[in-house]
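Both complexes shown next keep chain A, but they swap its partner, so chain B is in the first and chain C is in the second.
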Partner chain A sequence: MPKRILRVNMNNLEAKFEDFPADFAALGGRALTSTIVEKEVDPLCHPLGANNKLVIAPGLVTGTLAPSSGRLSVGCKSPLTGGIKEANAGTPFSQQLAKMRIAAIILEGKHKGSEYYTLKVTMDKAEFTSADKWVGKGLYDTYQSLFKEYGDKVGICGVGIAAELLGASSGICFNDPEGLPSRYAGRGGVGAVMASKGLKFIVVDDTGAPGVEILNEEAFKEGAQKLRKALTTHDVTKPGGALNSYGTSVLVNIINEAGGLPQRNFSAGQDDRSEKVSGEVKAEIIKERGGKRPHACNPGCIIQCSEVWCKPGGKDPVGVLEYESVWALGPNCGIYDLDDVGELNRACNDLGLDTIEAGGMMGVAMEGGLANFGDGKKALKLLDEVKNKTPLGRILANGTAFTAQAMGVTRVPVVKGQSLPAYDPRAIKGIGVTYATTPQGADHTAGYAIATEIMGVGGTADPMDTSKADLSRNLQVATAAIDATGYCLFIAFAVLDIPEGLEGVVDTLNGVLGANLTVADVPGYGQSIIDVERKFNKAAGFTEKDDRLPEFFLKEKLAPHNTVFDVTDEELDRVWGP
Partner chain B sequence: MTENNLITITIKLFANLRELGPAKTIEKFQKDTTVQVILDKYQLPFKEMKLIILINGKPHITPEYILKDGDVLAIFPPLAGG
Partner chain C sequence: MTILVKIFGDLRKKIKDVESDGALPLNLHMNTENIEYIKDILQKLSIEENETSHIFVNGVYAGFNKKVKDGDRVGFFSKNQALLYKWYFKREEDD
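Up next, the complex of A and B:
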């Protein structure tokens, strides 16, 4: 059985399987979502209107036994940035889609009425039922009920109250292996696009799925073996290594030491209290409380950076508290209490909010006087405004830039309208080049220069050096390629240092596709994805002026290094320029 | 040895290196002490793995670095994230 596309027309609630075009054969994940969006979506359309489309695509090797490959991409025109969007998540849902040989789900049109629907997808059918009983409800209770209704083997993605408000900071929530609503394709308001069409949940049941077709078993097996070896030997990714033992929050202390952990809406780069929300402290508490650590966000991950945070006694599991989330809802708000951060993260998951955008928003809300920095309880109350769908809640659900404008705040940490993640570009310049120039809006995962600038993974670079166009471009291109494969980006830490690991990645692709790619083909493949995304953005009205950081990064010095972002505009334009 | 020949160094260890020494300590060393001396003192596994060493927030420090009075030395096991 060949791969298929499931095309869902929300105008008339029709869903049908289509043939997967032969010229898309080498496309998966981000390569596929961005290609379809560029081909089928008018760049000038309203992101929340009938002419936008939402595309969900597992990666090329997702659903196979290749390690750490259970990721998927969600693409559309973003209501937050106004440009093309790819949001990425790790979840069993992606593996189920891939095993059912569904290369992409394309949602189009817009249901006329005000009702919401659930789409249930099985091997040969896709059917709609009303989802109205879940409107206004939190996702934790809702996912529990949905798993009761559909059985605990299904995969679920859905949107919450923030998306019902069409908030530009709403994500699409995928279940983790325990069924918790905690794995987010978070960024860029993808949740609002799904909700705008009248769709609230997609439930996939892969009963009878044939599994992923592998055209060259031998190449595949050999590749998976090489990659597994790299992941289990590299100090960062191996069992008992830092990611496995402490999760992504192991970064809190090192970025704080490096003076690049933004505090209180990007007004300082270091604070000793950050230790209290570090990965070291969190791992200790999780152990005490009987949560889970390590944990895989999808079956088959070797790295297992994930976890389940909970209340004392193992109660009320939240899911993972990622570094970015801990930072956004913690130090960026002057909050240094993990229980406050945990409850804020729970509220975001429950409402369907992107934690990075929500934390950025909370930082400007605090600066604008809606709460004092450090007041976690008041921050939770503010998120209740979203839950209660008040006018203030509608403002907050639209993210950092929108809230800053409403509150008269001028220190607005966004690029292309999207909130900056957890590294201050004044202390670590290469990541600033990525924030400025990725087609996605400020996004650390788009070209993670931190690995080279701070950790010495994939070479070393001085974080204060301002010549970073080449570093950022190389990483952005490699990342785009990885995002197409369905491998977790974290495999990069191992394969950047271990050449056989990278060969293994390419071998597994050759195995699945029956192709003869080499490592030398990877940059060109990645570049072609970025080209498609930049083409869309250009047609949507973006120019080089949009590839800049906000003014305050160029004027206000950041303690403790007392530096500004001094990468020149010429250097920024050199990333994609001639 | 006079007081003038001594330098004060803040040493911070992170993640599982905390099994080998204190999370934070302030110690006096002789002038011209290198980072290597501290790696040896706490038996940090610098030969087995690429430890990440920062001085005063500056990364990519090597064991040969000669410590100066008031330096803050932060040592991490190999790590990354995102």
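Up next, the complex of A and C:
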């Protein structure tokens, strides 16, 4: 059975399987979502109208036994940025889709009425049922009920109350292996796009799925073996390494020491109270409380950076508290209490809000006087406004830039309308170049992987050095390629240092595709994805002026280094320029 | 004349006689006597160089040969905390 596309027309509630075009054969994940969006979506359409489309695609090796490969991409025109969007998540849902040989679900049109639907997808059909009974309900209870109704073997993706409000900071929520609504394709308002069409949940049941077709078993096996060896021996990715021991939050103390952990809406780069919300403290509390650490966000991940945070006695599990989320809802709001952060993260998951955008929003809301910095309880109350669908809740659900405008705040940490993540670009310039120039809007993952050495063109590694165009471009290109494979970005740490690991990645791709790619093909493949995304953005009206950081990063010095973001516009334009 | 030395993660276990507060870093106020370089601090604390990962001096990513002085803030991370986008950081040394 060949791969298929499931095309879902929400105008007339029709879902049908189509052949997967032969010229898409080498496309998966981000390569596929961005290609379909660029081909099928009018760049000038309203992101929440009938002419936008939402595409969900597992990576090329997702669903196989390749380690740490259970990621998927969600693509559309973003209501937050107005440009193309790829949001990425790790979840068993992606593996189920891949095993059912569904290369992509394309959601199009818009249901006319005010009802919401659930789409149930099995091997040979896709059916709609009413989802109205879940409207206005939190996702933790809802996911429990959905698993009861559909059985605990299904995969679920869905949108919450924030998306019902068409909030531009709403994500699409996927279940983790425990069934918690905690794995988010969070960024860019992808949740609002799904909700705008009248779809609330997709439930996949992979009973009878044939599994992923592997055209060259030998190459695949050899590649998976090489990659597994790299991941289990490298200091960062091996069992007992940083990601496995502490999760991504190990970065809290590291970036605070580096003077680049933004505090109180990006007004300082260091505050030692951040130590109280560090990965080390969190790991210890999780152990005491009987949560889980380490944990895999999808079966088959051997890095296992994930975890399950909970209340004392193992009660009320939340899921993972990622570094970005802890920072956004913690230090960025002057909140240094892990239980407050945990409850804010729970509220975001329950409402279907992107934690980074929600934290950025809360930072400007606090600066605008809606709460005092540090007041975690008031922050939770503000999220109740979203839950209760009040006018204030509607403002907050639209994210950082919208809230800042409503509150008269001029220090607005966004690029292309999307909130900056947890590294201050005044202290770490390279990531600032990525924030400015990625087609995605401020996004750390866009230029985060693989090293300059592999790509052959160096970039200087001093965080204060301002010639960062080559470095950022190489990282962005490599990341785009990884996002197409379905591998987790964190494999980059190992494949960067261990050449056989990268060979293993390419071998597994060759195994699945029956191709003869080499490591040298990776940059060209990644660049072609970025080219497609930039083409869409250009047609949507983006120019170099959109590849800039907000003014206050250029004028306001950040302690402790007392530096501004001083990368020149010419250098920024050099990333994609001639 | 002291240097603030912050000890993170499992390295805290190497420091005897100092009460640790949960998993928070240890803050040691070390006398600068006989301390010129980062490596001198490690020696005083009986920490091997290969037991460390990231080292910061006043927010600057630093190596074993970085000079230190009165009033500096130094952070040592344990081996199993290695997680930096090393392409964003270069170790600063002084010799």
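Rule of thumb we're sticking to: the second predicted complex is superposed on the first by the 566 of 578 C-alpha atoms of A that agree within 3 Å, B and C clash if a C-alpha of one lies under 4 Å from a C-alpha of the other, contacts with A are read in each partner's own complex, and residues count from 1 in each chain.
Heads up, the rule we're going with is that a residue touches a chain if its C-beta (ideal position, glycine included) is under 8 Å from a C-beta of that chain, and two chains touch if they have at least 3 such contacts.
Values in this document were obtained by computation on a predicted structure and should not be read as measured data.
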Considering only the touch criterion stated at the top, classify A:489 as touching first (chain B), second (chain C), both, or neither. first
Touched partner set for A:445, first chain B, second chain C, both or neither: first
Quick check for you: in the superposed arrangement, does A:276 touch first (chain B), second (chain C), both or neither? second
Per the contact definition in the header, classify A:467: touching chain B only (first), chain C only (second), both, or neither. neither
Considering only the touch criterion stated at the top, classify A:563 as touching first (chain B), second (chain C), both, or neither. neither
With the two complexes superposed on chain A, say which partner A:249 touches: chain B (first), chain C (second), both, or neither. first
Just to be sure I read the superposition right, which of the two partners does A:225 touch: chain B = first, chain C = second, or both, or neither? neither
Touched partner set for A:233, first chain B, second chain C, both or neither: neither
Using the superposition on chain A as set up above, list the residues of chain A that contact both chain B and chain C. 235-236, 241-243, 245-246, 250-251, 253-254, 257-259, 270, 280, 427, 448, 451, 460, 462-463, 493, 560-561
Please give the residue numbers of chain C that touch chain A in the complex, ascending. 6, 8-9, 22-25, 53-54, 56, 58-59, 61, 75, 77, 79-90
Chain A partner, complex, touching residues on chain B are 12, 14-16, 18, 49-50, 52, 54, 57, 59-60, 74, 76-82
Tell me, which parts of chain A touch chain B in their complex? 234-236, 241-243, 245-251, 253-254, 257-259, 270, 279-280, 305, 323-324, 427, 444-445, 448, 450-451, 453-457, 460, 462-463, 489-490, 493, 560-561
Along chain A, where are the residues that touch chain C in the complex? 235-236, 240-243, 245-246, 250-251, 253-254, 257-259, 269-270, 275-276, 278, 280-281, 283-284, 427-428, 430-431, 448, 451-452, 459-463, 471, 475, 493, 560-561
